[in-house]
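In what follows, structures are represented as structure tokens.
One chain, subunit A, appears in both complexes that follow, with subunit B as partner in the first and subunit C in the second.
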Partner chain A sequence: MITNPAGRITQGQFSFLPDLTDAEIALQVEYGLNKGYAWSVEYTDDPHPRNTYWEMFGMPMFDLRDAAGVMLELQNCRRTFPRHYIRLMAFDSTRGVESIAMSFMVNRPQHEPGFGLVRQESRGRSIRYTIHSYATDAPEGERDGD
Partner chain B sequence: MAQAIEKSGQTAIKDAKKRYTAGVLKYRQMGYWDADYVPKDTDTICLFRITPQDGVDPVEAAAAVAGESSTATWTVVWTDRLTACDSYRAKAYQVEPVPGIAGQFFAWVAYDIILFEEGSIANMTASLIGNVFSFKPLKAVRLEDIRIPVAYVKTFKGPPTGLIVERERLDKFGRPLLGATTKPKLGLSGRNYGRVVYEGLKGGLDFMKDDENINSQPFMHWRDRFLYVMDAVNKASAATGEVKGSYLNVTAATVEDMYERAEFAKELGSVIVMVDLVVGWSTIQSMSNWARRNDMILHMHRAGHGTYTRQKNHGVSFRVIAKWLRLAGVDHLHAGTAVGKLEGDPMTVQGYYNVCRDSYTRRDLPRGLYFDQDWADLRKVMPVASGGIHAGQMHQLLDLFGDDVVLQFGGGTIGHPAGIQAGAVANRVALESMVKARNEGRDIRNEGPEILRRAAKFCSPLQQALDTWGEISFNYTSTDTSDYMVTESAI
Partner chain C sequence: MASPKYTIPGTAQPFAPVSAADASPIFDATAGVVNGVRTVNQVLAQSQAGAVMDELERDLIGLAPIKMRIRDIAALLVIDKLRTDLGLAAAAPSLHMSFTGNPGTGKTTVALRMAEILHRLGYVRKGHLVAVTRDDLVGQYIGHTAPKTKEVVKKAMGGVLFIDEAYYLYRPENERDYGQEAIEILLQVMENQRDDLVVILAGYKDRMDTFFRSNPGMSSRIAHHLDFPDYPQSDLLRIAERMLQQQNYQFGPGAREAFEQYIGYRIGQEHFANARSVRNALDRARLRQASRLFADRDREYTAEDLTTIAEPDIRASRVFQIAAAHKPE
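And then the complex of A and B:
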């Protein structure tokens, strides 16, 4: 169990709020589409803070201008990976930005294993820190058994 | 008006023999005033606000500013004739009275690109704000704004990380970042200090921050601080699953000391180090190079800037300092809050933010921006709003500054009645609620207080924060506002 004030992993734009309803998610998607962003659905079973590359559930939807289409992809991803972390990411291709403009979680496992901090005593009083993702204690493919 | 001034004056002496006869000439006779001059794309252009001594003609004063900030000395020297001297003379080409303020004038001065060493703010500032600021015929002079030509911009490397890459490294997008300065500023031991950092970060802040005057005093030596802080940072990261950071201030007596401290911060795995503005331009550029080599975000605390940016008639506007710092290469820059405890008219402060974040800054007189500025793809600086702000102002802050800003609530986090974690939670919930509402199309400027009240229904720390600080505001008249002109200027 994660014991931080939010009681869960707090990555993304809205982790401190109650889970967004699908209607609320659609409003955020709409906002991004109006800005010209391309949405992408990504999932993982290892939300380590430096696990940059979650799996892509298909490619970013560059030509999709309708929030309903993005929501459909999200539903597909949730059906396929119901116990994974899923996030929506919006890409902005404007010169000088060319990066991610929005990112928030839209699915989590019921049980979030969280992380341990491994301290390796080093020279003098220095310590080398490793953040260990408990999810990875089980082999890939066997992590969502809860 | 400008034409009337010009007609009453004298112009450059073209006959070389007369021009270089030993003796004293007026600056405008020496060639520092040219009303017909059309600035080149490669010229640096400065806008000075000048207050000539009584009886000194404003055009002559403008010419003197051009002269004293480039090649002039008080008397004619024959050695000028060994050089292509006209290139080296800055040229005042326009003078206008400041609207509504008697005795003050705006003077436009152009500088050829040969005048400044490539990639050196120290060299550029030694000319532009050197001798000229002590020049007797002027009661006061202020550098209001500067247009730096693309050709010169490209000689600088700029921010080592930039706000786009910073977000990628931190994995934080689509919302302002949250921070807090560890308090009290002075007296905490390393161990106590790390406690504050841990509580703030675990509670939901992205960054904690050393204050500007935390270096290595008797109560806490720098190595001790770094060690405890990094334990707090890593522990909070594991507790939340987020990348966290704490600006480790590496400001020290010598540059060598600063390198040593920065190296230790790197060894411990910090994502960010910090320097104070008082370390000076060359040190800033050196630390920027160091940060570039070591994948480090460089935070700039503008300690001391008020001594020369605040008074309207004398000094250097912060918008100019911000431009120089973007060229010199910092990633974070304190740029004002508009609504907090420190000086800043909202429009003027937005002008500073534009300078930090624009790809191309447009001339915008109400925001104090007198020139178009092409940043030539130079990376962008993340502005930092810090000083007397709290969760109850979240709608105003988001409305004024948008997403690309670090909002720092020091007292507003650490002074929370239920503790530091609760303070951090209140700020994070207020922030996320406001971003969500704005994206949903709500009018946050007007509905902000209601949005916060509703969020406080599911978040008691936010309710406590609103109860404690909801009514606090700092409404004083700003000393530095834009005296913008309604007339079009030459550039």
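And then the complex of A and C:
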């Protein structure tokens, strides 16, 4: 999942596809709105797969009827964080579901440095493995992605 | 970005948000006319513009200048479609409006209809109406206004944003008032998201004029300044009959004449609010009818009894007493 031929992070829906155009994003948003989902915009510069909670860009948008509102917020986020990962999430508030129903990335850095394998020797000469994102070598906010 | 090698179902053409475009032919500049839509009638057959105009004529009494303007807007849509088919590009017209007029002249009613009309004409994608007042737009502390206004704007996208009593947004006596911030955001949205939403400002004539004088940017971004005239007496009577009909009531013998007289007196008295006064008068007449029927406990009532507003129900109104008191000797 982490390594793939394109050398790109694959998280959420559509991440094995070429980047969605704005028109395609708007269609997805429209689909979610028709299902009654509330969209929200989130961003991060730490692409580790276990980094589940990204920063919220504004409040989740409830009671929207048209994709234009979400797209407006997405453009704002892209202007503010052009080299961050940005994703759209659709929250399904149906009783008993109450969780994220859709989630896909809509913005990623120009250059994604990928992950390194880290080996840690532990007791009894056993080895623990973990992955480390090169992107996080720089402090938060300075990870330019190139 | 490289163009994708796949297609998403339902996207034969690049995302075209205007819903009326769904029915229209896919425009191709090189091919010229695609399916030969050349006459107004052909376009009318495809869109619902004709039905909308008829319905408006039937449902709204009076308001001739308003209907005229809506007819113009509908005509522009039809002609634009003909132009597009011949490859003549046209920018989407600005449809922001201001409704001014005395109380009860139908500003809110028309605004509600307008969202639906613009949707069916294909100018807005969803056709819902978000009605707000100053409280919904202006925040209570620094930094509260912008997110609040933007949230409302986002909710209204694809539909109509109706700002009732818009002049309250601007309070010249308090220069630190946050209303100005809301106005600036609205101006920006009205300019940049013209395809996404239509803003309608409504309010009483004189105060709206003051508002526009102090916010020339707002005034110039509004293409349609519609002034709602007061209803003549005959229209008010027709409105009354329409209201009764909608609530399954009718005038009894003599009641119609009594109500006509009532309107004549009421117009001259203070706080007259056109159709709203008529509605209130009818509501009070219904109350009197109810207590009249209530008094006779053993009688079996027919449907006709229960639906008829009798002459005394209307004659009992205070308006007649006041008018009698003021009558010159």
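Quick note on the criterion: the second predicted complex is superposed on the first by the 134 of 146 C-alpha atoms of A that agree within 3 Å, B and C clash if a C-alpha of one lies under 4 Å from a C-alpha of the other, contacts with A are read in each partner's own complex, and residues count from 1 in each chain.
Keep in mind that, in the parts below, a residue touches a chain if its C-beta (ideal position, glycine included) is under 8 Å from a C-beta of that chain, and two chains touch if they have at least 3 such contacts.
Keep in mind it's a predicted model, so treat the numbers as computed, not measured.
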item	value
First, second, both or neither for A:F104, with subunit B first and subunit C second	first
Which of subunit B and subunit C A:L64 touches, first, second, both or neither	second
First (subunit B), second (subunit C), both or neither touched by A:A90	first
First (subunit B), second (subunit C), both or neither touched by A:E24	both
Which superposed partner A:I127 touches (first subunit B, second subunit C, both, neither)	first
Touching partner for A:F16 - first (subunit B), second (subunit C), both, neither	first
Dominant contact partner of subunit A by residue count, subunit C or subunit B	B
Which superposed partner A:R79 touches (first subunit B, second subunit C, both, neither)	neither
First (subunit B), second (subunit C), both or neither touched by A:G116	first
Doubly contacted subunit A residues - partners subunit C and subunit B	17-18, 20, 24, 27
In the complex with subunit A, residue positions of subunit C that touch it	1-2, 4-6, 8, 10-11, 14-15, 17, 125-126, 128, 147, 151, 153-155, 157-159, 193, 196-197
For the subunit A and subunit C complex, residues of the former touching the latter	17-24, 26-27, 58-59, 61, 63-70, 72-73
Touch list for subunit A against partner subunit B, complex	2-6, 9-11, 13-18, 20, 24, 27-28, 31, 47-50, 52, 89-90, 95-104, 114-117, 125-129, 131-132
Parts of subunit B lying in touch with subunit A, wherever the complex brings them together	164-165, 167-168, 171, 173-175, 202-204, 223, 227, 230-231, 234-235, 237-243, 267-269, 359, 377, 380, 421-422, 424-425, 428-429, 432-433, 435-436, 439-441, 455, 458-459, 461
